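Same chain, two partners: chain A is paired with chain B first, then with chain C.
Let's look at the complex of A and B:
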């Protein structure tokens, strides 16, 4: 292979590859990216076998061919070079020559055949989903995706395309976030798919506007935006029956200023221990008292105005769970719906941009 | 059934004497054996109060006529043997004519039996005396009800465990005989709640598999491998053995000629086979059936008939061989040829050799020295003797307020902290020491405040065997205090509705499953086992933020801190698992070794 490229354009496509490449992989080839010259383009691919990213950049191709190079070193070199243009050429089948300005590098690589072949997601016409909207929805649920490795069916978010709208749900078994928004022209897909967390994270790093082209294969999902395509393996397993889990008869409703609440929680939470983070919230008419106590550290109490006219109720919760929801909610005010100290708290933004957004937080006994 | 008769005196004197009835489970065992000897096709066991209040066993066997029903309660009255020759080749489960008499001596017993449908008899015995005998209707068969066990022996009654624990033991006995006889229908209930329902499952391997499924669920059946050898003239070793995931201590069922045993020789053979074959200390579920001509075993050796003697010990080699083949297969491997594993000196044995000086502390257990051993030159263990850190002589600043100087000499291979004390050299296992410190800190925290408990969106399902569910049930209070919440779903399934907030949900669930299985003797059982596991899980889930590990290089300051905290601990000398934390070599000993004395 031999190609002359615009260095800045190349860098722009090279950088997102780093997110996919396994840093500590036991399979050496997975710390590599595949470069391949085809037609008038250089194609780039990276994979960790669950999530793969491909992209391409145009250039002056003199010879086709390819090589897999160590991702981190290679992009460090490209970034460090000076000059607008960079030349990549195969010295032999396992050596890549890089030239820019007065710099010359020869780096060792692996045969392209040694790079895993990436899954192809073919099938029907892709669905068009506005990219910005999808990113916003991801940011509203991704914090609730489980980080427990063994809970693989919870290590992603459920993406459910319904007629004319999209729903996304994530839960780690202790809280649950659900967002739903209208998207014109979507057909009804009978069941949702589980999108792995890493794919969600990479989608959030995508840049650009317009619509994502979404395809669902048998085992993989494809998200394509411009020249970039992200392919993620569909997570197996049954996602909880979330509709059944969400309480509908929480009769105590409290409205609060979102920013003031975030600040108050974060201050009070300074006095929670590191073993288990828990704060208490006591709701009384027009006032909520937040408190935390830790036998080794001391106590913290803070009062905050709220709109509430029900009976007094106290509930313990993980402050991080609340704050993550509040940050994602975006609106000036939020509503918390409660029943008793053993029942879930359901948070809603008030007058948000989303058609439906809620976050369930399970209480703690402190 | 042959008529009951009294055994002649000289034969009586030959019969292994001892305590027949120890607890409700022993009553259940004797009554089940009688029902099986009577040719029952269906056996029903009903208990109340864990069997302490009442035990009822009903069968549809041969039954007894009026004379036999009265005679059955006499000592040494049996229909099963009559001569020495018969004692030498017992083919029934009973043979001593002792069981009913022993039971009736310490309980209120009612016998209802009929050898022809309708024409039955009721006999009531209390504290060994017949109180009443009257005709009573019953289908053919026998019902024995034993109430108020040890009502007249308060000292014995006091020794009984909680109803749940006693119940668990009875459940295990019924499980055992249900496994021995898949062709017979068994039901077991406790206070009206069905604990086991096993319709006749048929004969042979299929019957056996079905019976295991009835008792322990399909998931276990899938993880069992069958093994067996036969010599064609009446000797057979056969059974099922699980893969490592099935390891549980109370799932080792051994049957010899259909008799449920806890035979030490056979179990030892099994343990050795597992250690050899798997190099493992976890013993998978085992269902072992040994069939031999009756004259080749002596059943008359144990008062509760829990052991037998093999007239030809070579049979144990066959057992061993068969087990090893089964174990190898359950790992998907082929058996290695039988070597002589017991000749190979094990590490602990080597440690005890030699004389004087360092000696391994007694509380160490067979693997107690691992951490120390890693820090010492391996080949020379036989010559080095370890000495327990004797509490009385430790001169460091302790809880008693005494402060005496000690000096950190340094760290040995990133594993041991070496200390100079006024009277000798001290070795501290840093990892174990820190474990001890964390453990005590955790215990203190627990006493001070309940750990925060996080409710779960949906209950996590815990699928348990009956005895496992009972074991967790016994711990319900302690679990609640530590942040777990359980609800009963269906049958023996429990739902986990809240977990200690600092634990991952899966970690919490695994912890409960381990506790329910109760198979890790090092981790212990009951509340203590719970705390140890919780501590471990918590320190692991806190990413061992503070935990000092083996091969962590420590600064002098860190070592000082560790040591002074250790000597403030309530029990600085052993880790929660009983492994030693401190070893000392006293000056006098050093001097002797260097020939200065």
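Let's look at the complex of A and C:
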């Protein structure tokens, strides 16, 4: 292979590859990216076997061919070079020559055949999903995706395409976030699909506008935006029956100023430990009292105005769970619906842009 | 009076504690070799042995079957841990009436710092005598006490004249006391280190002390400098009252290997329950559950899982333990020992409730 490239354009496609490459992989080739000259383009690919990213950049190709190079070192070199242009050429089948300005590098690589072949997601016409809207939806649920290895089936978000709308749900078994947005022209898909967390994170890093082309294969999903295609393995496992835990008979409804509540929670939470963080919220007519106590640290109390006219109720909660919802809610005011200290609290934005957004948070027994 | 220039540390060690409790309560055992442990016909392990049994070579942690061969006349008794804990608490109460600075090392062993408890006319020696008298008269057990300027010397001293001993090492006699003793007496010098030291011609603590610290450091690394300090009888470690608990566990060695998953599950549930109750008593919860598995060929392994939110329900511990068991070869190989442990301990019993 031999190609002359615009360095800035190349860098723009090279950088997102770093997020895919496994840092601590036991399989050496997974710390590499595959470079391949085809036609008038250089194709780039990275994979961790669950999530793959491919992209390409145009250049002046004089010879086709490819090589897999160590992703981090290669990217460091390209970034450090001077000049607008960079030349990549194979010295021999396992050595890549890099030239820019007065710099010359020769780096060792692996044969392209040793790089895993990436899954192809073919099939019907892709669905068009507005990219910005999809990113917004991801940001509203991703915090609830489980990070516990043992909860495999919760380590992604459920993406459910319905007629004229998209629903996304994530839960770690203790809280659950659900968002639903209208999207014109979507057909009804009978069942949802589990998108792994890493694919969601990478989608959040995508840049661009317009529509993402979404395809669902048998085992993989494809998200294509411009030159980039992200392919994620569909998570196996049964997502729990989430509709059942969205409490509908919580009779105590409290409205609060979202920003004031975030600030108050974060102040009070300063006096919680590192683990099992819990604060108390006591709701009384027109006032909520937040408090935290820790035998080693001391205690904190803060009062906040709210709109509430029901009986007094006290509930313990993980402050992080509440704050993550509140940050994602975006609206000026939010409503919390409660029943008792052992039943899930359901939070809603008031007058939000979404057709439907809610977050269910299970309390803590203190 | 003037504050003492040197600390006065006591190391108190109950003599053959488990066996002594039984012998105290059953006069017919007096003078006989007594072995506490699992069933000698099966594959139990010796938990403790009376001095009479030790004369035959019986030691704790050896298989009970071997103890029988060494000392066929021994009386074998099953351990009664609740009783030992009760008796231990009575002894520790006596310690704590003497000074607040009591650091429990185990159920039958503690360090006491009596530097500040010294009243006019009361030497550390007198306090040690009084402790021995009270434990003998009030609890009916004998105590060996070592008195020294630090924990290291006190510990070696209590071991010097067991049972029912009292060895006092004043600061100016530390060298004289330690020098002739074999290096193995230094806590932390095990068989491996002793062998390497012997190769250097080091048999006694004096030999060790006379070796250049640099040479020890070269050969043994940081442990070498530590050895040199110990040989000189130096030890700055304070007596720590609140030794924080880092983990809690329960395990059992079975008379017969457990062969089926169902049996193992039952046992894990029982062990998990014990651990969960232990946590509850101490007002703790735990983020990590560990299981320990020993196969019939004695290969031992552990598996653990850490969760984001602290656990406290016995049921959850049991469920996780059972899942972890399935990541081992227990089902095909069988097990001779199972254990369940909790670590990543968190104060308080806050419980994050689950949606499902």
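Keep this in mind: the second predicted complex is superposed on the first by the 366 of 366 C-alpha atoms of A that agree within 3 Å, B and C clash if a C-alpha of one lies under 4 Å from a C-alpha of the other, contacts with A are read in each partner's own complex, and residues count from 1 in each chain.
Criterion: a residue touches a chain if its C-beta (ideal position, glycine included) is under 8 Å from a C-beta of that chain, and two chains touch if they have at least 3 such contacts.
A quick note: this is a predicted structure, and the numbers were derived from the prediction, not measured.
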item: Simultaneous placement of chain C and chain B on chain A, clash or fit; value: clash
item: Chain B versus chain C as contact partner of A:174, first or second or both or neither; value: both
item: Single chain C stretch clashing with chain B - from 4-12, 22-30 or 76-84; value: 4-12
item: Chain A positions touched by chain B in one structure and by chain C in the second; value: 148, 150, 171-176, 240, 245, 275-276, 278, 295, 316, 318, 342, 344, 360, 362-366
item: Chain A residues within the chain B interface of the complex; value: 148, 150-151, 171-176, 240, 245, 274-278, 295, 316, 318, 342, 344, 360, 362-366
item: Residue ranges of chain A touching chain C (in the complex, touch as defined); value: 147-148, 150, 171-176, 240, 245, 273, 275-276, 278, 295-296, 316, 318, 342, 344, 360, 362-366
item: In the complex, chain C residues that touch chain A; value: 285, 287, 305, 307-310, 323, 344, 346-348, 350-356
item: Residues of chain B defined as touching chain A within the complex; value: 445, 448-458, 460, 483, 498, 500-502, 504-506, 538, 542, 545
